[in-house]
Each structure stands twice: as C-alpha cells, then as structure tokens.
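Below are two complexes that have subunit A in common, paired first with subunit B and then with subunit C.
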Partner chain A sequence: MGRALNWRTLRVALLCLGIGVFASCSKGPASDVDDKVTTLGDTEVTAQLEEIKGEFADQTNYDYAFVMKYKVLKVHRGKLDTDTIYVGHYNPLTPRATVADERVKDVGGTLKKFRVGDIHRMALAAPMDDFFMGGIINRYFDEYKGPVYWAHWTNPGVKP
Partner chain B sequence: MSKKHILHGFLVAAFLVLLFGVGLSQPILDIVQGERPQVLEVFSAPPTEKNLRAYEKEMEDTSTIVQTVRPYMQYAHFLGLKDLGKDVLAGRDGWYFYKPDVQFLIEPWSGQEQVLAAIRAFHDTLAAQGIQLLVVPAPGKPSIYPEKFSARVQPGHGAVSRHSREMLARLVEAGVDCVDLFTLFEQNSATTSLYLKQDTHWSPEGMRLAAQEVAADLQRRGWVTKGAVKYMFKPVTIERHGDVLRMARSPQILAAIPPESTTCKQVVREDTGQPYEDSADSDVLVLGDSFLRIYERDEPHAAGFTAHLAQQLGMPLTTIINDGGASTLVRQELSRKPQLLQNKKVVVWEFVERDLRFGTEGWQVVPL
Partner chain C sequence: MALRIWGCVGVVAVCLLGASVWAAPPQDPAVAALAKEVATQGWVCYGARAESGSWDLFLMRPDGSQKRNITNTPDFEEAAPRFSPDGTRLLYRRLPKGATINHDRWGFQGELVISNADGSSPVAQGGEGDLSWASWSADGKQVSCLTKKSIDIVDLATRQVVRQLPRQGVYQQLYWSLDGKWFCGVANHQGASWTVVRLNADTGECNSARDYQNCTPDWHPDSKHIILSSRPAGQPGDKGQGYTQLWMVSADGVEQQLIYGQDGSHIYGGMVSPDGKYILFTRSVKDGNGSENAGAEICIMRASDAPSIGGASPDLRKVHPNTKDGPVLPLDTGWEPYWTYANPGAK
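And now, the complex of A and B:
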C-alpha cells in the first residue's frame, strides 16, 4: 500500500513537472516592451537573430562587443533602409539584465541568451563606435562596410 | 530502524542529491522564473561532440546553484590550495599571474609568420602614406619577474621571453622599427617594481619608463619634434584589486586580500590645470591595448601611458585603445575611422607580448 502510494505520488509529481515544462515552453515572453526599449537610442526594431558568426570570445579579463546579423521584422521607431542589420551586443555571454558595468552603463534588457532564430526587440543607435569605446569583434568586417548598430536594450521579442 | 540504516539512508540520499540535485533543480528554477528550461536546449542542435560540449559549458555557466556556490568553492580552493581558478596562477610573495602570460613563455608557438605578415602589411600601408610605424611590444609580467612566479628561477635568470625576442629580431630584419622594452625592463626590474603584484599590467613606474623610452626613441629617430604644450604632474593614490584577482570571480577572495595601493602621476596641463586629453589633430597616433588603458581611462584617469608620452613629447596625442584587441581590432577600428590618419606622421603600436599568440581575432591583414 505504502509503495503504491509512493509510486502514485511520484507519477503525479512527474506529470505536474511535465505539464509545467510544456506550459513554460509554449508561452512567449510576457511583454517585450518596457520604458527603456521604447526610449533609448534612436531606432527600435523587432528583428530575428539570423546569424552568430563563429563562437563568442570566452574571455574573463576583457569586455568586448560582438556583432550579430539580424533580419528586421518591424521598425517601431526611427528609419531603416534595409531589412538586414548588423548589431553589436556588449559581452554577449552575460544576461542583459546584468551586463551593464562601470564603463558601459547604457545597456541592458531582459534577454538571457543569444540564440540564432530567436526574435528580439531592441533599442539601437548607430554608428556603434560613437557609443562603445572598446573591443568590437566584427566578423563581417571584410564583407560589410555599412553602419553597425549598438544595442542599448535587448528584450525577447514576439513575431509582429 | 537502526542507526546503521539511518546512516546508510543519509549517505545514499546525500549521494543522490549530489548527483541529481543541480540537474533537477535548474529546470524547476527556470520554470518558476517563467523561462523555458534550459535543459531542453540539448534537443535544439544535433548531438555532436561540439554541441554537447557547448551545452555542458553553458549549463555550468548559467546554473543558479553553480553560480551561487562557485565563489565559495573558489574561496575554499584558495584557502586550501592557493588555487584561484583556471585563469590565475599564484606566485610568490603575494604576486599573482595571468595564466596565458605564463603559457606564452613556456609553450611552443608557431604563429610567427601570420604576425609578421600582418605587421609588415600595416607598416607598408602606412609607409605608402608617408607615415612611420613604431612597434612597441609590452613585456608580460612573468617575462620580467619570473622569479616571482617560481622559486626555481634564480635572480640573474636571463631572458625568458624567447618568442617575443625572436619576433622583435625578425621585425627589425624585415625593416619594421621597434622599441625593445624587454631589455630596458630587465635592466630596471631589480631597482623598481615595474608591475603590479595583483594585476597583469605594469605599475605606474613601469608605464612611465616605457613612455619615456618611446618618447626618446621617437625623437632620436627625428620622427617627432617636441611640442610646446607644458604639462605638470599631480600625484594621486589609488587602491584597487588587480584584474588577476578579479578573474577568480569570488568576492570572498577579494575580501580576504587587501587591495594594492598605487601612487600615480596624473598629467595636467600647466596653462589650464585640466587633466590631459587626447587630440584628433595630433601628429602622433597611438594604438594599443589595456596597457594603455590602465591609469588612463581607469582611475585616476589621465595618468597612463598616453598621458605620459604626451607629457614627454609636449603635445596631445590621438589614441585608439582596445582591451585585448591590439592585434587586429585596433586596426579594424582605424579602418573604420580613416580620418584619424589625416595629418599623422607617426603611428605607435603597442601590444602585450602574449597577444602575439592569444590576440583577439588573431593577426589579420586589415586594409586601411
């Protein structure tokens, strides 16, 4: 009797966990909009992360920005002439909520991790060099000479 | 139930918690925080060795429990074993070293040709525009103070920076002008502490010695005539934990070790009393890495290599400073800002010796 009860409890617990996992997987972010993403920089977009070229530099002693390629799905603020943009993110291995530091204060967001295919809502400004004085790892350097945007704020986005 | 059974049960439970606790708790924490459980990402890519390793590393880096426990474990390692983590090596007498600095000295390295090609290409591009290039490799701390790393190195040990010296010789042979700070620092290392104990970088004295040597070299070659701007010094004392200690990522370790106190000379204009500032119109452009950033853009500000080089030359300078990026990233930035080369007579290019091997993005030929 005791053993049967334990098994039943275990099965119920596993079922609850499964439902929780499923529910969590299926729901999108609560909101991709906040007062930072709608006000920082001069451009605000919802865009799909199309490519992360190579691997992020895993350097404990250097801060850097890493340029990624996006396909723009919607422009909320500002003007863009192209639907492909290149965006530099500060210390991309760090969740956006904790990425700001003494030297780079105007960055943040709610995104935890950069994954190809994900949609982001971002507050941007260009050219990046005007906003970030540090190491910029831009693996599109040889193939793309246009403006690179600086990501002030990055939230998980929803498809428009 | 006997005590023996209770003990067995406790041990089994503790063992199971150790085995599965972290793995099972993280998905629950993810769900509680409204996130997709990260554990599911193992299914998002083909199960190749590379993907699985990346997944494993990411789990380690982002696990809440690991993040919480790691600083304490690191502190325990430090107390018991003097171990400060994967990037830090504890030396003698309170000296700490950055592991890649040491690796560069003791491991084989075969990337000389790529470095040479990149530097020569940059030299030739500048020469075509009538601009001189002066290359200044900065010695790493263990190159100058190997005896602070290991008791097996005796005073009077001789040169340990074989790769850098060979590269210097090859550069000179290829017609690239260089400053040899290795010999200068070795001659002065016994009388002055040229590096910070807790940091990868040079001390204010080491930095100033380098700036004086570069200024003297530029004037000896007749590339720069001393300007008319007068600067004076303002002593400023700062206290900070060095970057090597901070790499351990354990506040407990930082709390256990007192910060290093350093007296800097801030460079101030005599006419205005304002701290030194760069000028885009200078004859001299200085490219470099965190060896130029320390004291200059960090506290106390205007007390680093470029400020002191400017003081020696009597003129403000143009700079591009890029932590860890002096091999390729500074030249890419220069390529994006070609206006910085206008009216330039000289480019001074500093990089730390370990970046010959470990420079971010390697040594690419960058068209200007």
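And now, the complex of A and C:
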C-alpha cells in the first residue's frame, strides 16, 4: 500500500514537472508573457539590449524618452526586415511597472532596470512619433535614419 | 485722562503709519518710472489662484493696478489665456476642479474655451484634450492645434480641420506668428530634444531657432524673432542643472541674445508687448514657475534694457559682463501672462 502510494506520488510529480518544463520552454518565465506584451502595438519581439548610448538624463521635473539599440532574437508578432532595431523607452530610470502617467498611459511591463546585455520581451509600434509627444533623446540620429520603435510594454525575456 | 486718550491716539497713529510704511516699501524711482510708463498701455491677462483656491483668470493694468477676476469659477481651474490678435477675444484652457496644471502638458489638458476679452460669454470649443495647444491665426478665424499625427488648422466657425501639416517633431507650445506665415514650437529636431524650431506655415519646412534646453517660445510682433526660455549648458547653479533664462533669437537662428537672467531664479512665460517695447515674463526660484502650485512673480522690463541680469548673479555675470540691468517691475503672482493693447478692462 505504502509502496503503491509512493509510485503514484512519484508519477504525479514527474507529470507536473514535465508540464512545468514544457510550459517554461514554450512561454519563458512567468514575467515574460502577459496579455499586454502579446496585444499592445503591432510588433512583439524578444531582443537583446545591445547598447545604451551615453547616460540617461536624471531629470525629475521633465519627462522624456530614450532611444536604445537592440539585437532581435525572435519576432513573435509583426514583421521586421532587420535584426537591429532602435527602441524608445519612456522615462528609462523608472521601473516599467510604475512608468505610466498622465502623459503616457499605455506603457508598462515588469522590467525594473535597463542593463546592456539583458534580454527583453517587448510590444512595439512605429513610428515612435505617432505614440509619444515629448522630448526624445536619440543619440543614434546621425548614424541611423530609419524608423524608431516605441516600447509599449517591456518585460524581462529569455533567450529563445 | 485727556492726556491718556491723546497718548493712545498717538500710539495708534504711529502704528498705522508704521504699518503702511512696512506694507508699501518705497519703490525704486526707476521701477516707479517704468510703472508709470506702462500703466495705461493696455491690459495683462493671467491665471492665478483666486480666494476660492481654484485657478481663475485675472485682468490687470501693466503696472499691477485695477486687478480683477474675470472668470470667478470655483468649480474649474482656468489657465493660459491668449488674446486674439485684435484683442476682442480670449482663448484659454479650462480644467476640472482640483486638476493640477502641468507646466509642460497644459496645452493637452482640459477643454479649450473662447470668450470675450473681458471673460464674458465663455464657450467650450470641444471636449477634454481637444484642440490641444490652440493658437490664434492672424485673422482670429482659425486656430492651429497640435496632435500626435499633425499640426491641424481648425476653422472656428465650423470646427472643421481645414488643413494639416506634418508636426516635424514639435511636441508642445506651438504658436502661430502674427503675420500668419510661421509657427514656432518646442521640438525634437536633428536628434536634439527641447529645440525651439520655426516652421513655414505653407510648406512645413523647419529650421532650428535655438537648440539645447529651450521652451515656452512665443513670437515677437515682427514675426521675425522668437522670445523663449533657455537653460544654457555649463551653469554651476542649481546642482549643475543651471537656471532658465529669457532669450530672444531671430527665427532663422542666426541672432541669439540674452534678455533677462538671474542666478537662483528660473525665467519663463516670456512675451513681447504688442508694440515691441516691453517684455513680460515670470520669475521663480522653483523650476516650472509654479503652475502646479500658485504661479510665479509676473514681471515687466523694457526691451531696450536687454540684456539685463537681476540680483548679484556672479555666475551669469561672468558669461555676460556687459549688461544694462534696467528696472524690473514686479507685479502679481500668476502664470502664463498675456498682454494686449486693446481695452478689455474698460467698463
């Protein structure tokens, strides 16, 4: 009796583990995917933050967006012709969970801090000017003239 | 007994005299002369806290006299009045009671209201956030507005958008020149934010008038120069952030001149009087000049006294050693003042 119970428990545990592994392989960590990142904007990617050019502006009295350079690892939604994209993030010193305000309502996510090399899952749209009216710090202006994406939602991502 | 009574009368008289002297310190003769000079030069309209605590619109003579509340609406917050070019009407934003007026976003806030120049017959022109950053056309029949997609020209009679221009990165404080040929505004331009630009009203062609940390531009009545607030780099004050100064630039960006600055104070809300002879501005220790609180000190100076520096301002004087430092006339506390030589205050 005790032996049978142990086998049954072990099988259930293995099944749960299998489901868990499958879920994590298909969806990433719990914070990777949510109903915002899969629906906002028209493009959804997992991308590695390749460069933050210069310092963020530490201006508590003024809102701004800051353009960062990404290497795209996977396109989940929409279509991209390049694996390098430029993305504008609103008030980048603020954790995404609290960044939305009166000026910009449809932004957020679970990312707490921008660090070069980290992987992000993002809901994007372009051109940025159609979604944000405010000061934009774009230190790539002289080297890149293509569309700059607006980050609606930014979660920590996992390498596909 | 009689002596005691006369003694009390004497004490009271001395107290009253002392109080009156304390309440109205003798004015600098140069400032008094400026006050006398501008006293009958039209009217200034501005937003300020009323006794109810809400923001109302006020009219006063440019010497600060004859102040009166022209909206008297404790159930709304009103701000940013601008007279029509002929001085007969006023446009402003009206926000719900208790709303905080944001010093950068106010043009997107509340509803646009147009009234007679004395505040009578106010009519809302749309809903919350509609007709953002509205600015009069030269003939007062249209307003220009700023949206995420474009600059819209709206006919006020039909409220229809009759023309659109690309907004060219402009994101706030869009104003139409008095000759109708240009717009100025704060923009992201050539990769730099907080650049004041000039746009051709027909073609949308855009050039920088002054880059690096500028805002609150407005047109000189000649439609060739722009008055603006600027925070030049390299200022040690305010923890290295520096102070905002008032500048005049030619709209093509070639001429750049300091108008007024003062270490320890931020200067915003610059406007040139309709004849170009005087400069109206606000001065505040706190950045943003108080739209979120109670406003800032409204001031007037002569344009011919530019450049002027107020106070000791040792850092600013190192950069601008040859200033005229003419008189500055402090007026009421308020925000976004606007000047007309028409006579809306006549009863």
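To be clear about the criterion, the second predicted complex is superposed on the first by the 129 of 160 C-alpha atoms of A that agree within 3 Å, B and C clash if a C-alpha of one lies under 4 Å from a C-alpha of the other, contacts with A are read in each partner's own complex, and residues count from 1 in each chain.
In this text, a residue touches a chain if its C-beta (ideal position, glycine included) is under 8 Å from a C-beta of that chain, and two chains touch if they have at least 3 such contacts.
Keep in mind it's a predicted model, so treat the numbers as computed, not measured.
Engineer: Taking the superposition on A as described, I'd like to know which of subunit B and subunit C A:F141 touches: first, second, both or neither.
Structural biologist: After superposition on chain A, A:F141 lies in contact with both partners, subunit B and subunit C.
Engineer: Let me test your reading of the model: by the given contact rule, A:K112 touches which partner, first (subunit B), second (subunit C), both or neither?
Structural biologist: In the superposed model, A:K112 contacts subunit B only, not subunit C.
Engineer: Based on the superposed arrangement, let me know which partner A:N61 touches: subunit B (first), subunit C (second), both, or neither?
Structural biologist: Both partners, subunit B and subunit C.
Engineer: Comparing subunit B against subunit C, which has contacts with more of the residues in subunit A?
Structural biologist: Of subunit B and subunit C, more residues of subunit A lie in contact with B.
Engineer: Examine A:D81 and indicate which partner it touches, taking first as subunit B and second as subunit C; both and neither are also allowed.
Structural biologist: Touch partners of A:D81: none, neither subunit B nor subunit C.
Engineer: Counting only touches as set out at the top, which of subunit B and subunit C does A:F131 meet: first, second, both, neither?
Structural biologist: In the superposition, A:F131 touches subunit C alone.
Engineer: Who does A:D35 touch here: subunit B (first), subunit C (second), both, or neither?
Structural biologist: Once the two structures are laid over each other on A, A:D35 reaches no partner at all.
Engineer: One more residue to check, A:L93. First (subunit B), second (subunit C), both or neither?
Structural biologist: first
Engineer: Which residues of subunit A are in contact with subunit B in one complex and with subunit C in the other?
Structural biologist: Correct list for subunit A: 61-64, 103, 129, 133-139, 141.
Engineer: Quick check: in the complex, which residue numbers of subunit A touch subunit C?
Structural biologist: 61-64, 102-103, 129-142
Engineer: Which residues of subunit A touch subunit B in their complex?
Structural biologist: 17, 20-21, 24-25, 27, 30, 55, 57, 59-64, 93, 103, 112-113, 115, 127, 129, 133-139, 141
Engineer: Subunit A touches which residues of subunit C in the complex?
Structural biologist: Checking each residue of subunit C against subunit A gives 102, 104-105, 108, 146, 148-149, 167, 169, 171-172, 188, 190-194, 287-288.
Engineer: Taking the touch rule as given, give the residues of subunit B at its contact with subunit A in the complex, in rising order.
Structural biologist: It comes out as residues 27-28, 30-31, 34-37, 40, 44, 54, 58, 61-62, 87, 98, 200, 243, 247, 249, 290, 297, 321-325, 329, 332-333, 335-337, 360-361, 366.
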